[in-house]
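Got a structure for you, written out below as structure tokens; questions coming shortly.
Chains: A, B and C, in written order; residue numbering restarts at 1 for each.
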Amino acid sequence: MPILIDLMIGLPQQRPGGLLLSILVAVAAAAAALALGVLYAMVCVTARFISLGLQAVLAILRGIPLLLLIFALGQLTSLSLPATGFLALSLYSVSHVGETVRGYLTAYPAALREQAKLLTISPAREWLALRIPWTLQKSLDAVGTHWISLLKDTGALTVLGIGELTTVARLLSEQATTTQWLEVLLAAAALYLIAVLALMRLLTVIRTRLARKGV
Amino acid sequence: MSVPPRPRLRPRLAVAISLLIFAAAAVGGCSRAAAQTDSTSLLDRVKAAGVLKVGTRVDNPPHSFYDPNGNWVGFDVDMATAVAKAWGVRLQLVKVDELTRISFLQNGTIDLAVASISKTWKRAEQVDFSQTYFFSTQTFLVRKGTISSYHDLIGKPVGASRGSSSIGNWKDWLARNNVTGEPQIEQFGDKHAALAAVKQGAIAGWTEDYEVLASYAKSEPDLTVLNVAGGTGPKLDGIAMHKNDPTLLSAVNLALQGIASSGAYDRIYDTWFGPASTAPVPRQGSIEVWPHG
Amino acid sequence: MTAFVKQGLGTLAVWALSGGLALALAVMLTTLWLSRRRGLRACGSILTTVTRGVPTSLLVVAAGIAALPHAAPTWLPNPFPGTSPRLAGVAWAVTIALCLGSAGHLAVILRSGHASIGTARLEQVMLLGLTPVRRIRLLAREAAGPTLAPLGSRLVHHLHNTAFAALFPVAELFGWVQEQANDTFDVTRYVGIGVATYVVLSLAIWATFRGLEYYLAAGPTATRQPVLSAVAS
């Protein structure tokens, strides 16, 4: 039981940690990345010349394994370790989310564009009320799948010693026998699965509400 | 009546958005200054700031780990505390792992690395090492009843942690005993995976530091540590610091001498490696202490 | 062959095999999901949820440890450069674990691509009276637009997940970085080489998918007529 508590909220004197910290960091990074990702997609769709450069930057960023990205930012920046971890996760997330949102924004139906023109809706309103909500709704599955992955990817923060779930599981398992080690890892896996199930349920609720709104 | 065409999202706005993205991506400041960007020693900066930043691990019992109450404890932690006390500064511990214990040193995030770092010639090209503050050997963890000496391991697959100094020691032992040919060394990225491999017979033995193997063997009744005098080779731990700072190096060595001569070293050693500890390691050497003159 | 080249090829081998298996499994899971039978839909849903929810690192650890005691049978091929034949079984186990780690995510991407086609278009295609193969080809092309980008992203992420293979003695690039960095302490150099190599490999994957996206956008079925226009004409 103490192991389960440590896995959920962190080691004593290292709280908040464990699964709680994993969720907090993942939510913050996902929110920042989604906002930046939408901006990126908008630029790519509207300004094709600039978009090539941006796409190249994001492609390079996407090519760097998260573990090495965290390590490189820790090496190159003067930010505190938690800020470095947050920045690395956000950049990593935007490199995936941005590309997904761009793909869906590009596939925005011409018919809906025509309808907006016919209804004399201003471009700004069309973007805010139609295009972006449509894109977000259609890409929810793909972006949601990335968020699920992101929740588990917070484990890479172990490089900076940030006490989220994977780090706590590693530390507890270091002191355990081989049998207990497997138990600790199984407990950590179960906690991740529960968190992912909760996130999937949340995504389903959001999808249903958006569908009811008629977006 | 004709409807005027609506303008597209203005290019200027698109440029502004992209600049915003670039600015957001560029946040983080410039690279941290290295320890030797000017002629002052890092020691002067540490004393001026009143804080000594030491990188040490949290996953390496009994050198440095979290106890069940979440306190950061261990032999390396106590040694770092003693060095900070000798200099009259506050200690700030920074968590590092096998990669960051060196990269943080090189980029100035930490001033010293007290992280169970074995001294080797190759490593000495990148960092400076203090005199040895922990003496041990490297040996093998094997299944009971299968292997009784290093000679039994010749020609068999053995395991080691990736890039560990124990690999070099095993190769040197083989060379000293006139064994030719490339040894079969399987490198693991996780200690428990290597432990499982020994238990299950996938490898004949796992080579690591004696005290690390002893702490694992304690809770594994089927495994035993090959306790051979001298092991496959020595493990000499030193405090790592930025290269080419002789003032800092001298200060660290003198601090170690002070810790040894005051008796603090004996107390720290007995706590973590003494006969009553969880991983007893008989003394293999001692810190060099000069006469005051 | 230098250790770097072997480990790099090892990474590619693990990625290609596990990625291919993951895509095949994802297609199967998506098919189960879209089935009219409740039982099959539930099966697909559960398998997808479990493979998405369990961290890939744990799947790899469990698979590797399960495979360790068993010597690889002689008939088992060893397509993993740099991995000893004795441990080919462990390499295959790790490959399958990596496949399971990504299959669920890929299945969701394929499903959302299918959903992006829209009910009206699906019905339209059904009414055309095409053979199943032609129907699938047509729908695949139309779903490919929004699907290729996230698929490419996921396969890049999958490439990075191959680093978990380094927990075991399976030849892999991240393992090489760890070995060299820990041996020489020249961390910046070897991490830099590792990052550059991963970026190049990832860019190659990205470029492939962008190329496919461009090809499909410029192809004969590139312009999908809006439903109203299609009906009016």
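We take it that a contact is a pair of C-beta atoms (placed from the backbone, for glycine too) under 8 Å apart; a residue touches a chain by one contact, two chains touch by 3 or more.
Remember, predicted model here, so these are calculated numbers, not experimental data.
Taken as a contact graph, with one node per protein chain and an edge wherever two chains touch, the assembly is complete, since every chain touches every other chain. More C-beta pairs touch across one of B-C and A-B than the other; that pair is A-B. The chain with its Cα centroid farthest from the Cα centroid of subunit C is B. Taking each chain's centre as the mean of its C-alpha atoms, subunit A lies 19 Å from subunit C.
Averaging Cα coordinates per chain places subunit B and subunit C 36 Å apart. Averaged Cα coordinates give subunit A a centre that lies 32 Å from the centre of subunit B.
Of all residues in subunit A, those that touch two or more other chains are 71, 75.
In subunit B, the residues that touch at least two other chains are 99, 103, 106, 196. In subunit C, the residues that touch at least two other chains are 61, 65, 174, 188, 191. Taken together, the subunit C residues at the contact with subunit B in this complex read 61, 64-65, 68-69, 84, 86-87, 90, 166-169, 174-175, 178-188, 191. Against subunit A, in their complex, subunit C makes its touches with residues 49-50, 52-58, 61-62, 65, 105, 108-109, 111-112, 115-116, 145-150, 152-154, 156-157, 160, 163, 174, 188, 191, 194-195, 198-203, 206-207, 213, 226-229.
By the touch criterion stated above, subunit A contacts subunit B in their complex at residues 2, 11-14, 36, 39-40, 42-43, 46-47, 50, 54, 57, 71, 73-79, 81, 84, 87, 91, 117, 120, 122-124, 127, 158-161, 170-171, 173-175, 177-178, 181. Residue ranges of subunit B in contact with subunit A, taken from their complex: 3, 6-9, 11, 14-15, 17-18, 20-21, 24-25, 27-32, 58-61, 65-66, 68-71, 94-97, 99-100, 103-104, 106-107, 109, 191-192, 195-196, 199, 219-220. On the side of subunit B, the complex with subunit C involves touching residues 98-99, 102-103, 106, 122-123, 125-127, 157, 159, 161-165, 167-168, 184, 186-190, 193, 196-197, 200-202.
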